[in-house]
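So, here come the structures, one by one.
Heads up, the next two complexes both have subunit A, just with different partners, subunit B and then subunit C.
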Partner chain A sequence: MLQINNVSKIFLGQRKGLFGHTEGFKALDDVSLRVAKGKSFGLVGESGSGKTTLTRCILRLETLTSGNILYEGADIGKLTPTEMRRLRARLQIVFQDPYASLDPRMTIHDIIAEPLVIHRDIVPMTARQRTERVLELLLQVGLREEHLFRYPHEFSGGQRQRIGIARALAAKPEFLILDEPTSALDVSVQADVLNLLHRLQEELGLTYFFISHDLGVIRYICDEVAVIYRGKLVESGPVEDIFERPTNEYTRMLLDAMPDPDPDRSPFRQAASA
Partner chain B sequence: MTLLDIKNLNLSMRSFEGETQILHGIDLQVERGEIWGMVGETGSGKSLTGLSVSRLIPPATGRYLAGSIAFEGRDVLKASEKEMRTLRGRKIGMIFQDPTTNLNPVFRIGTQLVDVALHAGHADPTVLGLEPGASSRDLKKAAKRVSVEMLDKVGIPKAAERIHDYPHQFSGGMKQRVLIAMAMIGKPDLLIADEPTTALDVSVQAQILKLIHDLVAERNIGVLMITHNLGVVAQICSHVAVMYRGRILESGSVMDVLKRPSHVYTQALLNSIPTAHTKRGELRGLGGVMPEVQ
Partner chain C sequence: MTTTPATLPKRDQSARLENWSRAFYRFRQSWLSVVGLAIVAALVFIALFAPFIVPHPEHVAGGTNTAARFIRPGAEYWFGTNALGQDVFSLVLVGSQVSLFSGLAVVFIAILVGGVIGAIAGYFGGWIDEILMRITDLLLTIPSLILAMAVAAALGTGVTNMIIAIAITWWPAYARLVRGEVIGKKEEQFITAAKALGAGWPRILGRHILPNIMSPIIVKASLDMGFAVLTVASLGFVGIGVKAPTPEWGTLLSVARADMPDYWWTAVFPGCAIFLAVLAFNLLGDGLRDVMDPKARR
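For the complex of A and B:
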């Protein structure tokens, strides 16, 4: 469904002289991956590894230095602005910070209806139909009718993330980019949001592109996973393979660094008893 | 003597909507050499318990209804502000969650470290390796030396050079190390770490945890570690207290509490963490309900 071919992205360095630049920063270095329809694809990496740059490239918020990104065979970089806007209705994103990604001056109704207004040529609806759709979405993500005209500050982090998900689903997309959707949440709330995402995927046949630095979450929700380190893809494959038989040194290091809730598996305790 | 002894702590906080009781009878004892983990969801009162120990809750909004906090036998809640200043940064070290907002961006790392070292040195020159009654010139010199030593100790390469850098020239993990260095400069007996690794990558988190673990082994201090990550607790803590809505539901050694949780809530919390064997759809969330305003 989504095909990323040899994508590189170099951010130019400081201006030097009239035309020159100092050496740029290579944020993505020859990244290639494929996301299959109806599956969840996980992208793992530390901060600064290029995860977010890659998603910005998919949404064409950045121009590529080289390589191309195909969405159902069409090169995203070559689309006209109108075509790109059409595509954005099918390709939505849920952001990391549920506190910063909702406009505090809009009601929940307006927030969720906004994509329907923007994409009114693709999903033509009357105002009443829009309200009905918003209500349907609210129920779908586990919120209630009485929440419709409240403001974001009246909600907890987990509820806000549900609103963010409802907004992303409004225009009936087929592809959802989830940029660390649970990293700002408590584990107990994270579990609810992950289950919600899983349920929605089954109900709506969505494809997920899931970005996270939490390996436990990736393992739970994803079918395939790719590990990115300093802009380079170091390893990718089915979740089971990567987690059970990592071949790359860096992947192994990441897996070892993941704190296990079983006290017996703590490296400090093992060292103390040995 | 018990290093830290919290008895029946009741705290209420005022806001525009009225007064809410936040802590309902917290009991906790921390001995030297122990690393206590405090786990709980957002709003369960774990941070406020930590702040109470160094009495950093603004008196205008917070009110202690009952209870006592004894640090080496002294009641912190009844101590004067002057006395508290000799404890904070000297006997009680604190590390906060967000390394980017807890360093001043307009001062060099060194200036900020020396500041802390001087504060501790004025109270007790022996911290800086000087005789009591040392001159302020000696203090300044020693403060600088100790700052570089501490920075080196927390694993900042080329500490003597990096001390002249500004916070923005440091990465998140390095800034967190600077904060740990700051907290350790006064050679505290008790370290309160409020979510020290939450903002960091797993690989950096592992390094920071090792650093704290080694400090405890080396200096025999007590640590109160506030976190919502049960994985972190399982890794380095010797004891754990599970908090929910301002109460400690369960406390004891990590092995007992995490291996054989006696409270349903602890079990539920453990079940909400995805592990290697959790099948999709099997996770159980808890909804995350915050305390109501009375």
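For the complex of A and C:
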């Protein structure tokens, strides 16, 4: 469904003189991967490894330095603005920070209805139908109808992330990019949101591109996983294979660093008893 | 989970109402801003209804009564009479119309022009920004009153020309303010979110960025209203602006200059009116700034 071929992205350095630039930063280096329809694809990497840059490239918020990204065979970089706008209705994103990604001056109703307004040529609706759709989405993500005309600052982090998910789902997309959707939430809320995402995928047949630095989350929700390190893809494959038989040194290091839920095996505990 | 209730919930106004009452509470904390608001409200009332409440409307229209020249302030003529025997109280009251209306028009035009230019420069950046801001800088280098005088002299006198002349010198300040605010906001994540949803630039600018930068613009506008009234009076004083017999505070002051100091009331009362208006708008602006400080928002 989504195919990323040999994508590189170099951010130019500081302007030097009239035409020169200082040495740039290679955020993505020859990245290739494919995401299958109806599956969850996980992308793991530490901070600054290029995960978010890759999502920005998929959404065409950045231009590629080389390579191409195909969505159902169409090169995203070569679409006309109209075609791109149509594609945006089918390809949505949930952002990492639920506090910054909602407009503080808009009501929840207006936030969730916005994709319906923008894509009114694709999903033609009257104002009343839109409100009903928003209400349906609110209930679907586990919020209540009295939340409809409140403002984002009146909600908790987990509720805001649900609002972000409802907004992403409004225009009935088929592909959802989840850019660390749970990393800004505390652990109990993380589980709620992950369960919600899992349920929505089953109900709506969505394809997920799930970005995280948390291996536990990836293992819980993804079918396939790729590990990215300093802009390079170091390993990819089915989740079971990668977690049981990692071949790459960096992947092994990541897995070793995963906290074990068993408190008796905590390294802090062992150091204390020794 | 996909049931649609037959009746939609009533629009819940409580949150918005609560924000308003909270804002009003903050505003009341400083009695000076309440005083400012009260004086501004009184001025607006006077400007709207002056022709109907003044004791001598015939003097406002240009009528004279040379038998009653230079009468001291008293029960019959509260602010005394001038060299033509006109009631100064009536003239000052009606004079508020021109001053307030011109001030409002100047600020309004300045926000409109400066806002559009600043928003476009800030949002698109690059060479569009360079060109627009260099023009803005150019206008900022010229002293505003002198530029306004030059423009008014070129266009001819009159209220409309005076408003245009002042507005030309005022919009660059708004362009700079709006540009800075837009640049600050356009990197926020909810703007990226709107782009990812497929929103075009008019929608992003109008629906997302502008509502989020209104506070500093409103505060600057209310502070500027005072200075606009003062500039209008200054142009009236130097003789560019409103033509007699239409009363205007600066013109009244200018004419009364010849009668000082013996007939002090002809100059003091229009001067007091200018002072009061400028002070009131500044107090109001300060109060609004306290209310709209983003850090004080819940």
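In this section, the second predicted complex is superposed on the first by the 265 of 274 C-alpha atoms of A that agree within 3 Å, B and C clash if a C-alpha of one lies under 4 Å from a C-alpha of the other, contacts with A are read in each partner's own complex, and residues count from 1 in each chain.
One rule holds in what follows: a contact is a pair of C-beta atoms (placed from the backbone, for glycine too) under 8 Å apart; a residue touches a chain by one contact, two chains touch by 3 or more.
Computed from a predicted model, the values in this text were never measured in an experiment.
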* Asked: With both structures lined up on subunit A, is it a clash or a fit for subunit B and subunit C?
  -> fit
* **Which of subunit B and subunit C A:59 touches, first, second, both or neither** => second
* With the two structures laid over each other on chain A, which partner does A:118 touch: subunit B (first), subunit C (second), both, or neither? -> second
* Considering only the touch criterion stated at the top, classify A:131 as touching first (subunit B), second (subunit C), both, or neither. => second
* Asked: Thinking of the overlay built on chain A, is A:85 touched by subunit B (first), by subunit C (second), by both, or by neither?
  -> second
* To do: Check whether A:105 is in contact with subunit B, with subunit C, with both or with neither, and answer first, second, both or neither.
  => second
* Return first, second, both or neither, reflecting whether A:1 touches subunit B, subunit C, both chains, or no partner chain. => neither
* Structure fact -> Between subunit B and subunit C, as viewed from the CA centre of subunit A after superposition, lies an angle in degrees, nearest 10, of 80
* For A:221, select first, second, both or neither according to whether it touches subunit B, subunit C, the two together, or no partner. => first
* Look at A:93 in the shared chain and tell me whether it touches subunit B only, subunit C only, both, or neither; answer first, second, both or neither. => second
* Asked: What is the minimum C-alpha distance, in Å, between subunit B and subunit C after the two complexes are superposed on chain A?
  -> 10
* Structure fact -> Counting only contacts in the complex, subunit C reaches subunit A at residues 1-5, 8-9, 11-13, 15, 188-190, 192-199, 203, 208, 211-212, 298
* Asked: Okay, in this complex, where on subunit A does subunit C touch?
  -> 59, 61, 84-85, 88-89, 92-93, 95, 97, 100-106, 114-115, 118-119, 131-132, 135-136, 139-140, 145-146, 148-151, 153-154, 164, 167
* Asked: Where on subunit B is subunit A touching in the complex?
  -> 41-42, 172, 201-206, 209-210, 213, 228-236, 254-255, 258-259, 268-276, 278, 280-281, 283-288, 290
* Could you please specify the touching residues of subunit A with respect to subunit B in the complex? => 46-47, 156-158, 186-195, 198-199, 213, 215-217, 219-221, 243, 253-254, 256-263, 265-268
